[in-house]
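Dropping the structure in here first, questions after.
Think of it as A, B, C and D in the order they're written, each chain with its own count starting at 1.
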């Protein structure tokens, strides 16, 4: 059952080493089947070069395992919180990719500094607040999701217009229309995180002009987009 | 028609992933056939590993498509402006290569700091002014070309002596005798952009001596050149 | 004799170039057979792409060669000191991996800055004090081991909870349950060393919350661990 | 004629792209046959992936071509000066490898900061003074050699104990017992140049202890060396 879903999730997970977003098992991608109310996700702690189709785990939106021999990713509850809060997203990703993790550890937003950023992210990429002692001690992974959601609501950010977040002291999470799209956005995030580090070093106060951010974002997104083969 | 032109432009575009100048579809190369008044350019948003000869798009110097099923690069009008302004150039390139983009985002010229730079670029590589709100809103891609041209005229720079430019808040454009030469110059730009970042960090005020800049540039370029198998 | 031990140690040494932890011959891994009181270690100065099973050297815990044609690693006495002091460890590694060596040269601990660190290291990774003139002049390699041991005792660090150390002015040593595990930890060390360099540059005073360090370390280690397929 | 010499020099030049020391044609290696008073060197401006045995150029110590169809490297006179001044060296190399070039552009010595450095270089790696206007205008490549020699004599440096130099505003030159050894030293130089950049950033005043520099250099070099399979 859920073979096509598992195939897509397996393929998306295998892109993580391909795009050099992971060391060892430090990442996971999932995709949701909203009709059946289930998600497929990578098993916890299994090496990418050993991953097989049958290793993919199917869980429902309570986190209960529906299919699969292995334990799902330890971050499964974070994925579930995001799927529940945001009906528009179809895939979720978590990595410890180097440059995005650096910004997360520093506890800082990645500022929008150029059109590379603007082509995919309509504004700064938020870093969450720190979790409280209680949020860490009890239901940590679920609370990680809740803190992300809180940040997007507090800042009134459209979840699809900024498809990544930095969890303070931890690393990036992201999403997309499906698992593949979530990986795509994570590759972009890692590249702009690297660029932003060095740009800030060269010229600490610089920001992209709002008009240029608008132009680049909307030439690729929305009803007036004209980039690509639409 | 234009098969050889399209073959050269396809080959030049395929060098972008080979030299690690691009992530996904973030770059494009074109070449002009001045006798026929047309350019061949990469289609917009098509992955490099899927690019075929017939995907190349032929447009005239008004930007009208002459041949090809796909939409040309969204940056086509920038290429056209450059070809119109500078009769000496035969190929144009645009990428978001990491280090050159960092300087563009910082809004700073890449200073000439050593002979690696001087072997290819006769002086600092200019960063344009920012586009105005109006230039961004109306005919943005054409205005990107115009701002580049304005910068070279204002500074009295010989277009072939400094075959790259940084567009402020955006990224590098470049050119050459043909498409392949434009790619070659973009590879050099990326390397010297990386070196300049770290050099500035070590010794912020340093500059190359003018005599050394002259020596290295002219031992490779012009009538007294003696580098290579001329 | 000791064929399986030598096979494991050969395999572990070959992971060093695979994970890009070494330039030329700048690293070595060993494993101990505590029942027989011997260790297998890489020979000194032999290129990784030439390493054969029979090149592995077996020495006893006095450093006396038991088997093998070649000289053991010049760092053998450091390995032996660590095995003698810490009965829990089964493999030892030394490299000059770039980022960990940078912290060693700077003479600074790698601070715990995020969950990537916390997943493997329960606190800052210590940098030893400098060796004295006398410690360098006489029995240098053995004293390198002694200085490491002194640091862990002085700070009351559990050797398995922080399986790496930086030797001041030199580079990283590490360990694990066996040779393969020691390499695994060295890969992690190199990645977190790189992240910590840039994080400190972005936000110099930042530290991970103690609660988050605890949470991530103990969800992967100890009796309440729930990461992976335990 | 000189087939074995040319084979060694070809092989050494092909190591430059293998070790990622060059972009395009930005490097050259030579070796001297002191009995016959000739050197073999890479031809000028020929791509590494096209290099053939017959492309190698044989010149005498006046720079006169003895064998070969192509022009020798434009840096040939620098190589010759070094061979003439230092009878102990058998191979010479020049590259624009990124990190060593950064230090050259900054006009700064690479300080000895750790044992990685001390294993190969007995002290700081000197950066030359700038060439004068006259030295650049007349016989530039020969003067580049002269300025290197001046620096080593002025500082009383043993040419084999520090087998690299940074030419101010330009890049690294190096040498060794033969062409292969010169490449080996250039790989080490590039790695320690990278480490030194980041170490200085972390802890600007730090230096290796003299005793540790001595220990590591002399455990690999000289009559009391005990590293490797001597």
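Here is the rule we go by: a contact is a pair of C-beta atoms (placed from the backbone, for glycine too) under 8 Å apart; a residue touches a chain by one contact, two chains touch by 3 or more.
By chain, with names taken from UniProt: A, B, C, D = L-ribulose-5-phosphate 4-epimerase.
For clarity, every value in this text was computed on a predicted model and none was experimentally measured.
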Steps needed, at fewest, to go from chain B to chain C via touching chains: 2
Partner chains that chain B and chain D have in common: none
Copy pair chain A, chain B: interface residue numbering same or different (half cut): different
Rigid-body rotation angle, chain C and chain A, from Cα fit (steps of 5°): 90
Gap in Å, rounded to a whole number, between the CA centres of chain D and chain C: 33
Computed distance of Cα centres, chain D from chain A, in Å: 47
Shared interface positions of chain C, touching two or more other chains: 201
Listing of all chain pairs that touch each other, if any do: A-B, A-C, B-D, C-D
In the complex with chain B, residue positions of chain A that touch it: 113-116, 119, 184, 187-188, 191, 194-196, 198-199, 201-203, 206, 208-209, 211-212, 214-215, 219, 226-229
Residues on chain A engaged by chain C in the complex (per definition of touch): 23-24, 26, 43-46, 70-71, 74, 96, 98-99, 101-108, 130-131, 133, 136-137, 140, 169-171, 197, 200-201
